[in-house]
Structures are given as structure tokens and as C-alpha cells.
């Protein structure tokens, strides 16, 4: 079940120069939201922009029926989102996407989050710990280009995990990219959960291969609909043997990031 | 000379439910503005709405270099205008249109303003009095559909003129339309200055004819450009004898409300 | 006051005149997770080819001012998978099932029609003729009245229920194409498909779409679509389905007044999956407000003012 | 770093590639009250007919989503008034003067060209072929390659300086029309003119425009215009002027990259009369930012990515 309606902004919080946190009240979405899932938010009443915009669910509060997102001002849609005031109502569709399965057992894992990729990994981390996964087995790499657009609202530090903060220019935490940090931390005993820009994920995908371990990657894409009806967000994946003959026999199999993803297995995606 | 640039909102004032007053700082526009002239305001940064919107200049303050408009929330553009905050900058083009000549001598006149037509007539009245025209010779009919959208911010009452306030439903001032009031007040000794919706102006035009006196009418029209380049605002007027042969020999001569108007002589317009 | 929203187009009964446009509703499963799709007047499926298709590589879509470009390239599951996996699902719902078909040759169109004829629960076929005609060097079937008519005539012979010819707007004279498909036996005409467009990334200096060209849709194209619907309504007697930028009740009413007996919602589905439901409710409210009780009474009722 | 923005199209020298579009700048007087129009690469006048025209009755314009409809109906002062009253004014400014002409017959076009040939300060003629051809029952000259070619050929013989053929986008195959006018001697091709559209007042149940149909322009049509410019650039060798929804520097760059040697600003003039100036400055800044110094180096430089 997915919900499409106008929901109320119950809280607005500024995390850094261009990063905000918004809390919405929607018992339905909140109750069914899973880490790694996202919502489509219509950022304006007119057609600028035309499409709603996808944002990962950052956290949920089952008691209040509220869920939140953290977003960075990027262009036209996120700018309008930043102009929202508490109590405004806005059109949201969700929860969307496959999401992550909670982490079980006690095999060590590494979270690799770049900028807008951090919120879903925080959600996954927090819920997995709630369900009994040992916090100390989680290494969380939280990266950003520079201090002014980091996504850290302090909660990660409270999880008792092994937190590695970095920024490309060293203005916040260690100096280096998420991939640099992962390079040091990763070994074949650790499973990777990564979310961020395609460029970063592509590198991480091959890194996972090289270190021969497993991983789950959560992708970004332009999303006209967000729930699977337009095929606009499709990406190339390695065709399964099961695929029958096609009309245009392409060397790839298309999957929809919004519905078949946004979480894909390492090695599944054919990168550009 | 016309000025096209971003100007600052220096004051925002709410006059009634759906009516606001905005003050802008623009020494250039302020210095050259004439009663009956207007400005084109771009109400949004994107293309909703696409065209700027025309608003009569309500008043000017040569000392501060500020001018103001009074507007009623109508649709998409005026709604966005109402969301402006003091110190915001907005794109304005002006002053535009022919405007009125100040009233001279002491022959009695009647101002007939309906809703959005009141601001330019206030400006004309105030300036004419400044220049020595006897206030007591001015009858000013200020009408609105109903109380909640009247344009009266109290200034008219301070001019020492003979003020007649009315509303169609009687919820504000006398009960009746501007035309009803004019019917009673008008005689062949009085010149009419009217501004308001086309329907009202059409009636007033024939009333002026019937009472065989003179008058100036300030019209409204949809205005893509506001300064004469698109011909979009053209209205039918009685062709002068001077018109040479045309290709499509129409029985009308088109004039641009934005440049040849918005003020036209009574009897000049061919009404729909 | 109860109002009648049901319409009948050449025997195709719709509980209301609001359909979803091809390629903007997939095969119905996804939307059914948001609301009861039985409320829709009908569903038009993604265009089906005989074999499954992956379609064009990404990027496939781009936003434009009040519109969007798409170069999906007819990604679809193919007719057999549709009949086995998708059709049974749609058939569970009480809404008209209109199957869109697309071919590279007249034969492919014909084979598709033959397969669908066997299935009673396919209420109508919508023929997407905005496809490259392989036999004629990739020229669109919809670009020329002869080719367009030929496809329709062949399908008409093979499919016992209503055949809808969906026209391409990228033509010099839409009236000529409309007359041709009507003469060739089309029961209904739907229009418009997308306008050819493109956009360029000025930093990368490449096209945004892998296919260079895409189909423009959304509010931006509505005035063009409305003009074509009105033009076609002046020259054919068969019912018309209006498509193009319809996002609100007022948009839908413009098309009905211009002569469309039903409308399809495409791009607006992405902005608000419930857009069709809002339009259905809105049409009822409009009738009530105007003290009318039958949607059929307003179809084609636009007048020409005296100016 | 100083950058070169000047371009030359078939002998037509422009200090920068930014022109104003016909019908969106009248004859230059109004804009000259806002800024020094010498800064413009050039001016294209409102289309002139032989005799003055009042044009269609109001309402003539309507806003649409990110666009507008106009049915001005070629209101213009006529060729003689233009030559006597308007041309002398434009000639005072150091900017290219391009005169747009429109006829109801091939003869009218020819007579207009003859009159303008006499005036050295008319730098070029832009031939608006999106006009009803009275000899052929009102069909647009621009709708068919033969008629389009004929008009251009006749004008070409009579006018010694560059002849610009302005194409209508309401055609099935823009490449065919482009080739025809190029073969007929057009020195330059400009496109697009407006797309045919309409809109309806759902309360009054009448059309918003007295003429029923209007021409759609503005940001909404940009993707269609850009696609047509790129298509034409692939088939003709003569320079192209891009038109259609250009409002910002980035819009202008898309057209230059697609193969246009210059661009025209139309509807955007209404939103911001200084739009062309902002674009001229923006083009310079873009070059500086990309460490380039000549606008000619980016014309047609859009590449095709590997996907």
C-alpha cells in the first residue's frame, strides 16, 4: 500500500547552510516506512518544477505518526521545499522503493554515505540496532563535499557506532572522499551498505569486487513518477539468464530505480 | 524614458481581506510617474504566471523616492504578489501608459472608481488638488462589490472632497453600483473621470453621452508586455477620418491600451 | 442532484470519460497500490509490441518548462507476457481495458490485433501509429495518411471490438490523417501523442536524452492538443478522445467542450497519481454548479463568440 | 580576457548573435525608451504587408502554461509607412535592421521585396511564410515545400542582400521544407514560428481568442524548436537562426550548440524587455567561464554521448 495525499509539515529545522530537516505527519506512511525507502514530494503547486522530488525517509516516530527527511538545497524544487513553513500542507506519495532489509546476525558492516545518501543509512543503522544488531560492529562513513553541506545533525554520534566523518576538502572531519575512507576500512569480512551520487557508487561497486565482499547500493535517478509507471528512472543492469528473447535484443536489462530499487546488489548495475 | 529593473519592497500593508498596499523604492519611476500611469510587475521568478501584471500607481513620495500600488488578490499573479515580504526585490517596468492630465480650472468633476479603478483616480485627485484645483468641486464615487474587497485606506476622506462610498451589496457605504451613484450625480456641467472593469466603463460611456457631457475613461486589458510592442492589449476604437486604406478594411481602428491608453476619451472606444 | 458521467464511444461504454494515457499507467498494478483503479473510466496500457522490448538506454526523460521529454523507446513486456501476466490482473477491475499496440510493420500490428481479438476482456485496442515504419525506412506510420489508413484497415479486419486510432501531432494536416483513419474503419480517434522535442546540457554539451529526440508532453503542449482535437472534431463523425497536458478538471472540460467524448491523463499521473480521480469528481461538481446533469450535454458545446 | 561575440551569417554581420523576434519588438521605438537598442545584434521588425493592417479583433492573446497564444493577425503599418516613419528611426541605431515581410500572394511578397531593395539600410529580409496563401485557398505558404520554395525564389531575385526564410513548425517534415528554401536561394533559415494552438473559457464556453486559433510561443515550445533547429542543421549548409522560447542565456546556448549561428528573443521580451541584453552578457560570461574567447567556436558543437 502506498499513500498519496497532502500532509502537514510539523517541524522545520536548519542543519547547515544549505541542509534542512523537515518533519511531516502521516501515520500511514510512518507506519509502513522501511529504511532505504523514499517519498515523492511535490515541491510546488504550479508546474515549476513539474515532477515531484524524491527524498529518502530519514527517521520515523511511530508514536507521533511523524516521519522526517533531510535535504540539501540543490535547484528549483529543493529551494521551494526550503521555503515551506511549519503547518504548511504539501503533497507526498510514499513510502516508495524496495528499501534495505534490516541487518541481522553480527557480521561486521560498513555504511558508506555521501551527502544526500546519509539519511537512508542512518535509518537503516538505527533500526538494525533497535532490532538487536550490535552497534559496535557498524562502521559508518559519513562524507560530504565540504562543511557547509554536511548532513550530520549529531544523531549518528549517539548510536555508539564506529563513526568516520570526512569531507573532500577536509573542512569537516577527515580529509578525503567516502571512497578513500572505505578503501582503508574495507575487507572481505565486511558487507557494504552505500548510498550517494552515482560516481561514488560506481567506485564503491568495483571496490567491493576488488576486496571480494558483498554490498548493497542505493541509487539516485531522475524520477518523474517514483512508483513505477513511467520507466523514466530505468538503469541498465546485467541481464539474468531467465530473460527471454526481446525485440531490440539489448545487452542490458532495464530496472526501475524507483520500484525495483533504489537498493541494488553490488555487481548488478551496469554503470555509465 | 521607462525603467526596467529589480526594485525593493519597502512597505507592505493589508487594507482589507483581499486588498494590499505595497510600497516600492524607485526614485526614477517615482519622479516621472503621472496619475493614471501604471507599472508592470513580474510576480514570480519562474513562468507562473508568464506575463508581468499591470498595476496603477496609487501614490508617490518624491522625498523618499517611493511609489505605491494597491491591489486585490485575484488569481495566480496577485496571490504571489501578496506573498512578498518587505525588502524583497521584484522586477518592475514603468511608468507606463498615457495617464491623465491634471484637472485645471474649477469646473466641477466626478471621479467614478470601481474596485481596482480607485487607485489611479485617488492619485489624479490628490495631485490636482496639490496643483490648486478646488477639492470641494470634486465628487468621488468609490465603489466595490462588497466590504471585503473595498480599496479605501482612509486617505480619500482626508482630501476634503465630496466622497460617495458604495458597494453593490450595501455592505459598505451606500447600496448600489458606481453607475447608479453616477446616474444621480451627473449633469452636463460635470466632467467624468472613470476607472474600473470594462462592464462599468461601458455603462458610464453611454451615460456620459446621454447626459451630454465629457469624460475620460481608464481601461483594463490583458497585457503581455505593457509597453506597446506586442499589440496584445489592443481594443477597438472609432476609426479617425485620417486612416488610409487598409488591407483587411476593418470597421474599427485598434489602439493599444498600454501605450495609447489606458486613458481614452469618452466615445472613443467601441465596446464589446 | 445526481449527474451522469458515463459516456459511450462507438460501443465502448465508460462509467466516466476519464482514462489513463498509454505509457503513463504501465499495466495498472502500481497505481492499484495507491487507490481502487475501478474508479477510472478506463485504462490504456503501455504500448505492446509482439516481443518484449527493453527500449532506449537511459537517460530516458527530462523536465522542460511545464512539460517533459521522454524517450522510453516502447519498453514493454511483449504481447504474450501481457496476456499471461498483466491482462488477468486488469480484468479483476471493473474498468474498461484498452490495450495499446505498436508495430514496426503492418504485419506486426495485425498479429497483435489477432492475439488480442481472442480475449473478450480487452474492450478496445488503441493503435499507436507514432512508431517508425521499418518497411518505409523508419518514417512514422502516423506521418502520412496512406500508411496510417493502411494500418487501421488491417487491424479493423482482425479485431471485433472498437479500434482507436491514436494520432501523432507531428504532421502538417491533422484533418487529413483523421479523415484517412476514419475512412479506413477506425471507430474512435484519440489524440495527441507527444510532440518531437529535445534539450541540451550546456555544460556537458551533449543531449540530455540518449536518443537525442524525445516526446514532449505535459501542460506545455495542451494548447496544441486542444487545437488539433477541435480541428478533427470539425471533420470526422466518429468519437474523439482528447489527450495532451490534461492535469485538472478545467483542462479536461476544455477538451470535452472542444468535441472530445472522453479524455486521457498522461504526464499528470506522475505529478499526482490521483489526478484522474480529482478530475472525475471535478466534472461532477462542474455539472452541479451549472445545474446540468449529463456530461454528454457539454461535449462539443464550445461556441464562437461575436467579437 | 576579451571575447568575440560577433557572428556573420551569409554576409549579414551581427555584433552579437542576439536578435529580437518579429512581432515582439514592434519597430524598435518602444524598447528604445528603456535602453540603448544599439546593444542588440539586430532587430527584426513586425511582419509588414503591402497595405496597413488592423489585424484580428480582440481578444488577441492568452496565457498558457509557460507559454502564450497570440492571434494578432499581422497588425502592421504597411510597407510605405514603415519606410517613411519607422525605417529612418531604426537606421539611427548601430544594429542590424532585418525587415520581416508577409504576403497573401507570391506577388505581394515580391512587391515588398522590391520596395525594400531600394533601401540600403535594410540589412536583410526575413520572409514570414507562415501566412495563408490566398491563391491556394488559405493554405500556409510554409506548409508545403513547393509553395515555400516558390516565394523564396521570387524574393531572392528581387532583393540584393541576405534573404532569411522563416519556417513554420506546423509541418510533418521540417527538413524537407528547409532543403526546399535553401535550394530556392535562401541565404539563411530562421525557425521556429509559432505552433498552432487554442484555449477555451470553460465558464463562457467560448474560445479565448476571437480568431479561435492562435500561435503558441514562449518557454513551453522551446524543446520543439530546438529539435527542429538541430534537424535542419543536419541537412542544410546555410546558417540558421534559432527561435522559440529563448528567455535565458542557457536557452540561447542550447540553440547555438545545436547549430544556430544566431538566436531571436520573442515572448521573453514581454516578461523582461532587457532579456536580450542579459543574454548577450551571459554568453560572454559563459565563454570566459569555459576559457573560450569566440562564440563561433561553440556553434553546432553539441556532441552525442555514449550511453
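Per-chain residue numbering starts at 1, and chain names A, B, C and D are given in the order in which the chains are listed.
Just so it is clear, a residue touches a chain if its C-beta (ideal position, glycine included) is under 8 Å from a C-beta of that chain, and two chains touch if they have at least 3 such contacts.
These numbers come from a predicted model, not from an experiment.
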Query raised in the report: Starting at subunit B, what is the smallest number of hops through touching chains needed to reach subunit D?
Result: 1
Report task. Return the chain whose centre of C-alpha atoms lies at maximal distance from the corresponding centre of subunit C. Result -> B
Query raised in the report: How big is the gap, in whole Å, between where the Cα atoms of subunit A centre and where those of subunit D centre?
Result: 47
Query raised in the report: Could you state the distance in Å from the CA-based centre of subunit A to that of subunit B?
Result: 54
**Report entry** Rounded Å distance between subunit C and subunit D, as computed from the means of their C-alpha atoms
**Finding:** 33
Report task. Among the residues of subunit A, pick out those that touch two or more other chains and give their numbers. Result -> 47-48, 272
Query - Junction residues of subunit C, two or more chains touched - result: 57-59, 64-67, 219, 307
Requested in this report: Enumerate the contact residues on subunit A facing subunit B in the complex.
Outcome: 46-48, 76
Report summary line: Contacts from subunit B onto subunit D in the complex sit at residues 1-4, 42, 47-52, 91, 93, 221-222, 224-236, 244-248, 250, 252-254, 259, 272
Report task. Under the touch definition given earlier, write down the residues of subunit C that touch subunit A in their complex. Result -> 23-26, 29-31, 33-35, 49-55, 57-68, 70, 72-73, 75, 78, 104, 218-219, 267, 269-274
Report task. Note which residues of subunit C are touching subunit D in the complex, please. Result -> 57-59, 64-67, 69, 143-144, 170-173, 195-200, 202, 204-207, 210, 212-214, 216, 219-224, 226-227, 230, 245, 250, 253-254, 257-258, 286, 298, 301-305, 307
